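Worksheet: the structure to be examined is printed underneath.
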Amino acid sequence: MQPIVRIQREDFDLAAETGRLREGSRDIGAIVTFSGLCRDEAGTLAALEIEHYPGMAEAEIGRIAEEAASRWPLLGLAALHRYGRILPGENIVLVIAASSHRQAAFEAASFLMDYLKTRAPFWKKQHLRDGSASGWVEARETDEEAAGRW
Amino acid sequence: MQPIVRIQREDFDLAAETGRLREGSRDIGAIVTFSGLCRDEAGTLAALEIEHYPGMAEAEIGRIAEEAASRWPLLGLAALHRYGRILPGENIVLVIAASSHRQAAFEAASFLMDYLKTRAPFWKKQHLRDGSASGWVEARETDEEAAGRW
Amino acid sequence: MTDRAVKLIYFAWVRERIGLAEEHVTLPGGIATVRDLLAWLQARGDGYAEALKVPEAIRVAINQDHVPHGAGLDGAREIALFPPMTGG
Amino acid sequence: MTDRAVKLIYFAWVRERIGLAEEHVTLPGGIATVRDLLAWLQARGDGYAEALKVPEAIRVAINQDHVPHGAGLDGAREIALFPPMTGG
(Lines give C-alpha, C1' and ligand atoms only; values in the text may rest on other atoms or scores of the structure.)
Protein backbone atom coordinates (compact mmCIF):
# COMPACT_ATOMS: atom_id res chain seq x y z
CA MET A 1 0.00 0.00 0.00
CA GLN A 2 1.66 3.18 -1.26
CA PRO A 3 0.22 6.35 0.32
CA ILE A 4 -0.82 9.08 -2.11
CA VAL A 5 0.51 12.53 -1.18
CA ARG A 6 -0.22 15.62 -3.25
CA ILE A 7 0.41 19.32 -2.62
CA GLN A 8 -1.38 21.48 -5.16
CA ARG A 9 -2.87 24.87 -5.86
CA GLU A 10 -5.98 23.46 -7.60
CA ASP A 11 -9.05 22.12 -5.86
CA PHE A 12 -9.54 18.37 -5.55
CA ASP A 13 -12.57 16.13 -5.86
CA LEU A 14 -13.70 13.98 -2.93
CA ALA A 15 -15.55 11.48 -5.11
CA ALA A 16 -12.72 11.05 -7.63
CA GLU A 17 -10.05 10.60 -4.95
CA THR A 18 -12.17 8.16 -2.93
CA GLY A 19 -13.07 6.25 -6.10
CA ARG A 20 -9.40 5.83 -6.95
CA LEU A 21 -8.73 4.27 -3.54
CA ARG A 22 -11.75 1.95 -3.76
CA GLU A 23 -10.55 0.51 -7.04
CA GLY A 24 -7.35 -0.64 -5.38
CA SER A 25 -8.89 -3.42 -3.29
CA ARG A 26 -12.05 -5.50 -3.02
CA ASP A 27 -11.35 -6.15 0.66
CA ILE A 28 -12.04 -2.59 1.78
CA GLY A 29 -14.86 -2.53 4.31
CA ALA A 30 -14.42 1.00 5.66
CA ILE A 31 -13.41 4.33 4.16
CA VAL A 32 -13.06 7.43 6.30
CA THR A 33 -12.56 10.80 4.65
CA PHE A 34 -11.69 14.09 6.31
CA SER A 35 -12.26 17.33 4.43
CA GLY A 36 -10.88 20.53 5.93
CA LEU A 37 -12.72 23.59 4.62
CA CYS A 38 -12.13 27.34 4.75
CA ARG A 39 -14.66 28.80 7.22
CA ASP A 40 -16.08 32.26 6.56
CA GLU A 41 -15.60 33.26 10.23
CA ALA A 42 -19.13 34.63 10.57
CA GLY A 43 -18.84 36.46 7.28
CA THR A 44 -15.66 38.37 8.16
CA LEU A 45 -13.18 36.40 6.06
CA ALA A 46 -12.44 37.32 2.44
CA ALA A 47 -9.86 34.60 1.80
CA LEU A 48 -7.10 32.50 3.28
CA GLU A 49 -3.64 32.55 1.78
CA ILE A 50 -1.73 29.37 2.43
CA GLU A 51 2.05 29.43 2.26
CA HIS A 52 3.99 26.19 2.22
CA TYR A 53 7.55 24.89 2.10
CA PRO A 54 7.82 23.17 -1.28
CA GLY A 55 9.64 19.88 -1.05
CA MET A 56 9.44 19.59 2.72
CA ALA A 57 5.61 19.71 2.66
CA GLU A 58 5.49 16.58 0.48
CA ALA A 59 8.31 14.92 2.43
CA GLU A 60 6.78 15.58 5.85
CA ILE A 61 3.25 14.46 4.91
CA GLY A 62 4.83 11.42 3.29
CA ARG A 63 6.62 10.58 6.55
CA ILE A 64 3.37 10.98 8.53
CA ALA A 65 1.51 8.80 6.03
CA GLU A 66 4.18 6.09 6.26
CA GLU A 67 3.89 6.19 10.05
CA ALA A 68 0.09 5.76 9.80
CA ALA A 69 0.55 2.87 7.36
CA SER A 70 2.92 1.17 9.80
CA ARG A 71 0.54 1.54 12.76
CA TRP A 72 -2.77 0.46 11.17
CA PRO A 73 -3.63 -2.27 8.63
CA LEU A 74 -4.60 0.09 5.82
CA LEU A 75 -5.66 -0.79 2.28
CA GLY A 76 -5.48 2.78 1.03
CA LEU A 77 -4.29 6.17 2.25
CA ALA A 78 -4.29 9.60 0.63
CA ALA A 79 -3.39 13.07 1.88
CA LEU A 80 -3.92 16.13 -0.32
CA HIS A 81 -3.23 19.72 0.74
CA ARG A 82 -3.78 22.94 -1.17
CA TYR A 83 -1.77 26.16 -1.10
CA GLY A 84 -2.35 29.67 -2.44
CA ARG A 85 -5.52 31.73 -2.16
CA ILE A 86 -8.55 29.86 -0.83
CA LEU A 87 -12.08 31.26 -0.50
CA PRO A 88 -14.62 30.54 2.25
CA GLY A 89 -16.37 27.23 1.62
CA GLU A 90 -13.48 25.85 -0.44
CA ASN A 91 -11.41 22.77 0.36
CA ILE A 92 -8.04 23.08 2.10
CA VAL A 93 -7.11 19.50 2.91
CA LEU A 94 -8.39 15.99 2.22
CA VAL A 95 -7.37 12.81 4.00
CA ILE A 96 -8.73 9.38 3.07
CA ALA A 97 -8.05 6.13 4.93
CA ALA A 98 -9.36 2.74 3.81
CA SER A 99 -9.22 -0.52 5.76
CA SER A 100 -11.09 -3.77 6.25
CA HIS A 101 -12.63 -2.49 9.47
CA ARG A 102 -13.80 0.90 10.63
CA GLN A 103 -11.63 1.45 13.69
CA ALA A 104 -8.37 1.42 11.73
CA ALA A 105 -9.80 3.78 9.12
CA PHE A 106 -11.11 6.25 11.72
CA GLU A 107 -7.93 6.20 13.78
CA ALA A 108 -5.54 6.51 10.84
CA ALA A 109 -7.44 9.47 9.36
CA SER A 110 -7.61 11.22 12.73
CA PHE A 111 -3.91 10.53 13.45
CA LEU A 112 -2.89 11.83 10.03
CA MET A 113 -4.83 15.07 10.53
CA ASP A 114 -3.43 15.63 14.04
CA TYR A 115 0.14 15.20 12.80
CA LEU A 116 -0.42 17.12 9.61
CA LYS A 117 -1.72 20.08 11.68
CA THR A 118 1.35 20.24 13.89
CA ARG A 119 4.17 19.00 11.60
CA ALA A 120 3.40 19.76 7.96
CA PRO A 121 5.00 23.08 6.89
CA PHE A 122 1.96 25.17 5.94
CA TRP A 123 0.97 28.59 7.26
CA LYS A 124 -2.36 30.36 6.92
CA LYS A 125 -2.80 34.11 6.56
CA GLN A 126 -6.25 35.61 6.88
CA HIS A 127 -7.47 38.38 4.58
CA LEU A 128 -10.49 40.07 6.12
CA ARG A 129 -13.46 41.28 4.16
CA ASP A 130 -13.31 44.87 5.45
CA GLY A 131 -9.59 45.10 4.70
CA SER A 132 -9.05 46.60 8.16
CA ALA A 133 -6.95 43.80 9.48
CA SER A 134 -5.32 40.58 8.46
CA GLY A 135 -2.74 38.36 9.97
CA TRP A 136 -1.15 35.00 10.35
CA VAL A 137 -3.30 32.36 12.01
CA GLU A 138 -1.81 31.35 15.35
CA ALA A 139 -1.12 27.71 16.14
CA ARG A 140 -3.63 26.24 18.58
CA GLU A 141 -2.34 24.55 21.70
CA THR A 142 -5.18 22.03 21.39
CA ASP A 143 -3.60 20.82 18.16
CA GLU A 144 -0.37 20.01 19.95
CA GLU A 145 -2.36 18.17 22.60
CA ALA A 146 -4.28 16.26 19.94
CA ALA A 147 -1.04 15.11 18.31
CA GLY A 148 0.37 14.20 21.70
CA ARG A 149 -2.26 11.55 22.37
CA TRP A 150 -1.02 9.13 19.67
CA MET B 1 -29.49 21.24 12.67
CA GLN B 2 -31.88 18.48 11.55
CA PRO B 3 -30.10 15.13 10.99
CA ILE B 4 -30.79 13.44 7.66
CA VAL B 5 -31.72 9.75 8.01
CA ARG B 6 -32.54 7.59 5.02
CA ILE B 7 -33.06 3.83 4.66
CA GLN B 8 -33.13 2.79 1.03
CA ARG B 9 -32.58 -0.04 -1.41
CA GLU B 10 -30.78 2.14 -3.96
CA ASP B 11 -27.13 3.14 -3.81
CA PHE B 12 -26.21 6.63 -2.65
CA ASP B 13 -23.62 9.13 -3.80
CA LEU B 14 -20.88 10.34 -1.43
CA ALA B 15 -20.27 13.58 -3.33
CA ALA B 16 -23.96 14.50 -3.63
CA GLU B 17 -24.70 13.81 0.04
CA THR B 18 -21.62 15.66 1.24
CA GLY B 19 -22.36 18.57 -1.10
CA ARG B 20 -25.87 18.87 0.34
CA LEU B 21 -24.46 19.20 3.85
CA ARG B 22 -21.82 21.76 2.80
CA GLU B 23 -24.45 24.04 1.34
CA GLY B 24 -26.14 24.30 4.72
CA SER B 25 -23.44 26.38 6.41
CA ARG B 26 -20.43 28.56 5.60
CA ASP B 27 -19.02 27.95 9.05
CA ILE B 28 -18.17 24.28 8.42
CA GLY B 29 -14.45 23.69 8.88
CA ALA B 30 -14.43 19.89 9.03
CA ILE B 31 -16.40 17.13 7.34
CA VAL B 32 -15.84 13.48 8.22
CA THR B 33 -17.48 10.78 6.13
CA PHE B 34 -17.64 7.07 6.84
CA SER B 35 -18.48 4.66 4.03
CA GLY B 36 -19.15 1.04 4.92
CA LEU B 37 -18.58 -1.25 1.94
CA CYS B 38 -19.36 -4.87 1.17
CA ARG B 39 -16.06 -6.79 1.29
CA ASP B 40 -15.55 -9.71 -1.10
CA GLU B 41 -14.09 -11.87 1.71
CA ALA B 42 -11.06 -12.93 -0.36
CA GLY B 43 -13.25 -13.61 -3.38
CA THR B 44 -15.63 -16.04 -1.60
CA LEU B 45 -18.64 -13.73 -1.26
CA ALA B 46 -21.28 -13.51 -4.00
CA ALA B 47 -23.52 -11.00 -2.25
CA LEU B 48 -24.86 -9.75 1.05
CA GLU B 49 -28.56 -9.66 1.71
CA ILE B 50 -29.51 -7.05 4.26
CA GLU B 51 -32.78 -7.41 6.14
CA HIS B 52 -34.13 -4.54 8.19
CA TYR B 53 -37.06 -3.62 10.41
CA PRO B 54 -38.94 -0.94 8.47
CA GLY B 55 -40.03 1.91 10.66
CA MET B 56 -37.83 1.00 13.59
CA ALA B 57 -34.65 1.28 11.47
CA GLU B 58 -35.41 4.94 10.70
CA ALA B 59 -36.58 5.61 14.26
CA GLU B 60 -33.53 4.05 15.90
CA ILE B 61 -30.97 5.74 13.65
CA GLY B 62 -32.89 8.97 14.19
CA ARG B 63 -32.54 8.55 17.95
CA ILE B 64 -28.79 7.84 17.64
CA ALA B 65 -28.37 10.89 15.38
CA GLU B 66 -30.21 13.12 17.85
CA GLU B 67 -27.96 11.83 20.62
CA ALA B 68 -24.87 12.69 18.53
CA ALA B 69 -26.28 16.16 17.79
CA SER B 70 -26.80 16.77 21.50
CA ARG B 71 -23.26 15.68 22.42
CA TRP B 72 -21.24 17.51 19.75
CA PRO B 73 -21.59 20.99 18.18
CA LEU B 74 -22.52 19.75 14.71
CA LEU B 75 -23.42 21.83 11.66
CA GLY B 76 -24.60 18.83 9.64
CA LEU B 77 -25.25 15.13 10.16
CA ALA B 78 -26.46 12.41 7.80
CA ALA B 79 -26.87 8.64 8.14
CA LEU B 80 -27.90 6.52 5.16
CA HIS B 81 -28.26 2.74 5.22
CA ARG B 82 -29.12 0.36 2.40
CA TYR B 83 -31.07 -2.89 2.51
CA GLY B 84 -31.63 -5.72 0.04
CA ARG B 85 -29.02 -7.44 -2.11
CA ILE B 86 -25.59 -5.81 -2.10
CA LEU B 87 -22.59 -6.90 -4.17
CA PRO B 88 -18.91 -6.85 -3.15
CA GLY B 89 -17.48 -3.36 -3.53
CA GLU B 90 -20.87 -1.69 -3.15
CA ASN B 91 -21.88 0.77 -0.43
CA ILE B 92 -23.80 -0.40 2.64
CA VAL B 93 -23.81 2.61 4.91
CA LEU B 94 -22.77 6.26 4.81
CA VAL B 95 -22.38 8.60 7.76
CA ILE B 96 -21.40 12.26 7.40
CA ALA B 97 -20.66 14.66 10.24
CA ALA B 98 -19.85 18.35 9.76
CA SER B 99 -18.61 20.77 12.39
CA SER B 100 -16.47 23.88 12.82
CA HIS B 101 -13.57 21.80 14.11
CA ARG B 102 -12.30 18.36 13.29
CA GLN B 103 -12.53 16.62 16.67
CA ALA B 104 -16.32 16.98 16.91
CA ALA B 105 -16.75 15.72 13.34
CA PHE B 106 -14.48 12.68 13.90
CA GLU B 107 -16.05 11.77 17.22
CA ALA B 108 -19.66 12.21 16.10
CA ALA B 109 -19.13 10.05 12.99
CA SER B 110 -17.35 7.35 14.98
CA PHE B 111 -20.01 7.40 17.73
CA LEU B 112 -22.81 7.18 15.19
CA MET B 113 -21.22 4.15 13.52
CA ASP B 114 -20.58 2.36 16.82
CA TYR B 115 -24.19 2.82 17.91
CA LEU B 116 -25.61 2.08 14.50
CA LYS B 117 -23.70 -1.23 14.48
CA THR B 118 -25.10 -2.40 17.80
CA ARG B 119 -28.57 -0.77 17.92
CA ALA B 120 -29.95 -0.24 14.42
CA PRO B 121 -32.17 -3.20 13.36
CA PHE B 122 -30.33 -4.57 10.33
CA TRP B 123 -29.12 -8.12 9.75
CA LYS B 124 -26.67 -9.35 7.13
CA LYS B 125 -26.88 -12.72 5.40
CA GLN B 126 -23.94 -13.92 3.33
CA HIS B 127 -24.42 -15.67 -0.01
CA LEU B 128 -21.21 -17.44 -0.97
CA ARG B 129 -19.86 -17.67 -4.48
CA ASP B 130 -19.65 -21.48 -4.55
CA GLY B 131 -23.20 -21.83 -3.23
CA SER B 132 -21.97 -24.38 -0.69
CA ALA B 133 -22.77 -22.38 2.37
CA SER B 134 -24.36 -19.17 3.47
CA GLY B 135 -25.52 -17.83 6.75
CA TRP B 136 -26.29 -14.92 8.98
CA VAL B 137 -23.33 -12.78 9.97
CA GLU B 138 -22.71 -13.03 13.70
CA ALA B 139 -22.53 -9.94 15.85
CA ARG B 140 -18.97 -9.07 16.91
CA GLU B 141 -18.19 -8.60 20.56
CA THR B 142 -15.74 -5.85 19.60
CA ASP B 143 -18.71 -3.84 18.29
CA GLU B 144 -20.37 -3.94 21.70
CA GLU B 145 -17.10 -2.86 23.27
CA ALA B 146 -16.74 -0.02 20.78
CA ALA B 147 -20.22 1.26 21.61
CA GLY B 148 -19.48 0.92 25.32
CA ARG B 149 -16.64 3.45 25.24
CA TRP B 150 -18.92 6.47 24.60
CA MET C 1 -54.79 -8.98 33.71
CA THR C 2 -57.00 -9.50 30.66
CA ASP C 3 -56.07 -11.09 27.35
CA ARG C 4 -54.28 -8.70 24.96
CA ALA C 5 -53.97 -8.76 21.17
CA VAL C 6 -50.47 -7.98 19.95
CA LYS C 7 -48.60 -8.21 16.67
CA LEU C 8 -45.39 -10.25 16.83
CA ILE C 9 -42.67 -9.65 14.23
CA TYR C 10 -39.62 -11.85 13.64
CA PHE C 11 -36.39 -11.05 11.83
CA ALA C 12 -33.34 -12.87 10.42
CA TRP C 13 -32.79 -16.37 11.82
CA VAL C 14 -35.58 -15.95 14.36
CA ARG C 15 -37.95 -15.47 11.42
CA GLU C 16 -36.43 -18.39 9.51
CA ARG C 17 -36.60 -20.83 12.43
CA ILE C 18 -40.14 -19.90 13.46
CA GLY C 19 -41.14 -19.94 9.80
CA LEU C 20 -43.20 -16.77 10.00
CA ALA C 21 -42.41 -13.08 9.41
CA GLU C 22 -45.23 -11.94 11.67
CA GLU C 23 -48.39 -13.07 13.41
CA HIS C 24 -51.16 -11.71 15.57
CA VAL C 25 -51.57 -13.43 18.94
CA THR C 26 -53.64 -12.96 22.03
CA LEU C 27 -51.48 -13.07 25.13
CA PRO C 28 -53.10 -14.96 28.01
CA GLY C 29 -53.23 -13.34 31.44
CA GLY C 30 -50.08 -13.97 33.43
CA ILE C 31 -47.71 -13.04 30.57
CA ALA C 32 -46.43 -9.83 32.12
CA THR C 33 -42.88 -9.38 30.87
CA VAL C 34 -40.74 -10.04 27.80
CA ARG C 35 -39.26 -13.00 29.67
CA ASP C 36 -42.74 -14.50 30.20
CA LEU C 37 -43.51 -13.97 26.52
CA LEU C 38 -40.35 -15.80 25.37
CA ALA C 39 -41.15 -18.77 27.64
CA TRP C 40 -44.75 -18.89 26.41
CA LEU C 41 -43.67 -18.73 22.75
CA GLN C 42 -41.15 -21.56 23.19
CA ALA C 43 -44.06 -23.91 23.93
CA ARG C 44 -45.87 -23.04 20.69
CA GLY C 45 -43.98 -25.53 18.52
CA ASP C 46 -40.65 -26.95 17.41
CA GLY C 47 -39.73 -23.91 15.30
CA TYR C 48 -40.34 -21.57 18.22
CA ALA C 49 -38.41 -23.83 20.60
CA GLU C 50 -35.47 -23.91 18.17
CA ALA C 51 -35.54 -20.15 17.55
CA LEU C 52 -35.76 -19.20 21.22
CA LYS C 53 -33.76 -21.97 22.90
CA VAL C 54 -31.09 -19.47 24.02
CA PRO C 55 -33.30 -16.61 25.25
CA GLU C 56 -30.37 -14.35 26.08
CA ALA C 57 -29.46 -14.33 22.35
CA ILE C 58 -32.82 -12.76 21.51
CA ARG C 59 -33.21 -8.98 21.29
CA VAL C 60 -36.66 -7.49 21.75
CA ALA C 61 -38.31 -4.25 20.68
CA ILE C 62 -41.71 -3.07 21.88
CA ASN C 63 -43.44 -0.54 19.64
CA GLN C 64 -40.12 -0.16 17.74
CA ASP C 65 -37.99 0.65 20.75
CA HIS C 66 -35.35 -1.68 22.29
CA VAL C 67 -36.33 -3.13 25.68
CA PRO C 68 -34.60 -5.48 28.16
CA HIS C 69 -36.07 -8.91 28.94
CA GLY C 70 -37.38 -7.65 32.25
CA ALA C 71 -39.60 -5.04 30.58
CA GLY C 72 -43.36 -5.21 31.04
CA LEU C 73 -45.75 -5.64 28.11
CA ASP C 74 -48.30 -2.98 29.08
CA GLY C 75 -49.17 -0.84 26.09
CA ALA C 76 -47.37 -3.18 23.67
CA ARG C 77 -49.01 -3.26 20.23
CA GLU C 78 -46.04 -4.51 18.22
CA ILE C 79 -43.39 -6.78 19.70
CA ALA C 80 -40.37 -7.72 17.57
CA LEU C 81 -37.93 -10.56 18.27
CA PHE C 82 -34.58 -10.73 16.50
CA PRO C 83 -30.90 -11.70 16.81
CA PRO C 84 -28.19 -9.15 17.74
CA MET C 85 -27.96 -6.58 14.96
CA THR C 86 -25.26 -6.75 12.30
CA GLY C 87 -25.86 -3.64 10.24
CA GLY C 88 -23.42 -0.89 9.38
CA MET D 1 35.44 24.11 12.62
CA THR D 2 35.72 25.84 9.24
CA ASP D 3 33.31 28.30 7.62
CA ARG D 4 30.32 26.65 5.92
CA ALA D 5 28.02 27.88 3.14
CA VAL D 6 24.33 27.20 3.78
CA LYS D 7 21.05 28.30 2.30
CA LEU D 8 18.64 29.87 4.78
CA ILE D 9 14.91 29.90 4.01
CA TYR D 10 12.24 31.85 5.89
CA PHE D 11 8.48 31.40 5.94
CA ALA D 12 5.34 33.28 7.03
CA TRP D 13 5.96 36.07 9.56
CA VAL D 14 9.63 35.12 9.92
CA ARG D 15 9.99 35.83 6.19
CA GLU D 16 7.99 39.06 6.43
CA ARG D 17 9.92 40.43 9.42
CA ILE D 18 13.34 39.56 8.02
CA GLY D 19 12.24 40.88 4.64
CA LEU D 20 13.78 38.00 2.72
CA ALA D 21 12.46 34.65 1.48
CA GLU D 22 15.91 33.10 1.39
CA GLU D 23 19.58 33.91 1.41
CA HIS D 24 22.95 32.20 1.20
CA VAL D 25 25.25 32.76 4.15
CA THR D 26 28.59 31.54 5.32
CA LEU D 27 28.47 30.44 8.93
CA PRO D 28 31.56 31.44 10.92
CA GLY D 29 33.32 28.83 13.03
CA GLY D 30 31.78 28.48 16.47
CA ILE D 31 28.18 28.31 15.19
CA ALA D 32 27.64 24.68 16.07
CA THR D 33 23.93 24.33 16.84
CA VAL D 34 20.56 25.74 15.79
CA ARG D 35 20.59 27.78 19.00
CA ASP D 36 23.94 29.32 18.02
CA LEU D 37 22.58 30.11 14.57
CA LEU D 38 19.51 31.89 15.94
CA ALA D 39 21.65 34.05 18.24
CA TRP D 40 24.04 34.89 15.39
CA LEU D 41 21.17 35.82 13.04
CA GLN D 42 19.56 38.11 15.66
CA ALA D 43 22.63 40.34 15.45
CA ARG D 44 22.35 40.73 11.64
CA GLY D 45 19.83 43.60 11.76
CA ASP D 46 16.57 44.95 13.13
CA GLY D 47 14.38 42.70 10.98
CA TYR D 48 16.24 39.61 12.20
CA ALA D 49 16.10 40.80 15.81
CA GLU D 50 12.34 41.38 15.50
CA ALA D 51 11.71 38.05 13.78
CA LEU D 52 13.77 36.01 16.22
CA LYS D 53 13.25 37.86 19.50
CA VAL D 54 11.37 34.89 20.99
CA PRO D 55 13.60 32.02 19.84
CA GLU D 56 11.35 29.33 21.35
CA ALA D 57 8.60 30.45 18.92
CA ILE D 58 10.83 29.55 15.97
CA ARG D 59 10.67 26.11 14.38
CA VAL D 60 13.64 24.86 12.41
CA ALA D 61 14.15 22.32 9.68
CA ILE D 62 17.53 21.14 8.43
CA ASN D 63 17.55 19.64 4.94
CA GLN D 64 13.72 19.59 5.09
CA ASP D 65 13.45 17.66 8.34
CA HIS D 66 12.30 19.09 11.70
CA VAL D 67 15.06 19.48 14.30
CA PRO D 68 15.16 20.73 17.90
CA HIS D 69 17.14 23.85 18.80
CA GLY D 70 19.89 21.73 20.29
CA ALA D 71 20.59 20.01 16.98
CA GLY D 72 24.01 20.37 15.38
CA LEU D 73 24.51 21.95 11.96
CA ASP D 74 26.90 19.39 10.52
CA GLY D 75 25.83 18.39 7.04
CA ALA D 76 23.27 21.21 6.82
CA ARG D 77 22.83 22.53 3.28
CA GLU D 78 19.36 24.06 3.69
CA ILE D 79 18.14 25.50 7.00
CA ALA D 80 14.57 26.78 7.23
CA LEU D 81 13.16 29.00 10.00
CA PHE D 82 9.42 29.43 10.44
CA PRO D 83 6.60 29.89 12.99
CA PRO D 84 4.57 26.94 14.34
CA MET D 85 2.64 25.37 11.48
CA THR D 86 -1.04 26.13 10.90
CA GLY D 87 -1.95 23.91 7.97
CA GLY D 88 -4.72 21.37 7.72
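Letters A, B, C and D mark the chains in the order given here, with residues in each chain numbered from 1 onward.
Keep in mind that, in the parts below, a residue touches a chain if its C-beta (ideal position, glycine included) is under 8 Å from a C-beta of that chain, and two chains touch if they have at least 3 such contacts.
Quick caveat: nothing in here was measured; it's all calculated off a predicted structure.
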| item | value |
| --- | --- |
| Distance-maximising chain from chain B - centres being C-alpha averages | D |
| CA centroid of chain B to CA centroid of chain D, Å | 49 |
| Separation of mean Cα positions, chain D and chain A [Å, integer] | 27 |
| Per-residue overlap in chain C, given as positions that touch at least 2 other chains | 88 |
| Multi-chain contact sites of chain A, meaning residues that touch two or more partners | 36, 102, 113 |
| Contacting chain pairs - touch in the sense defined above | A-B, A-D, B-C |
| Chain B-facing residues of chain C, complex | 9, 11-13, 61, 64-66, 80, 82-88 |
| Complex interface listing, chain B residues touching chain A | 13-15, 18, 22, 26-43, 88-89, 100, 102-103, 105-106, 109-110, 113, 146 |
| Chain C partner contacts - residues on chain B that touch it in the complex | 36, 50-53, 55-56, 59-60, 81, 92-93, 113, 116-125, 136-139 |
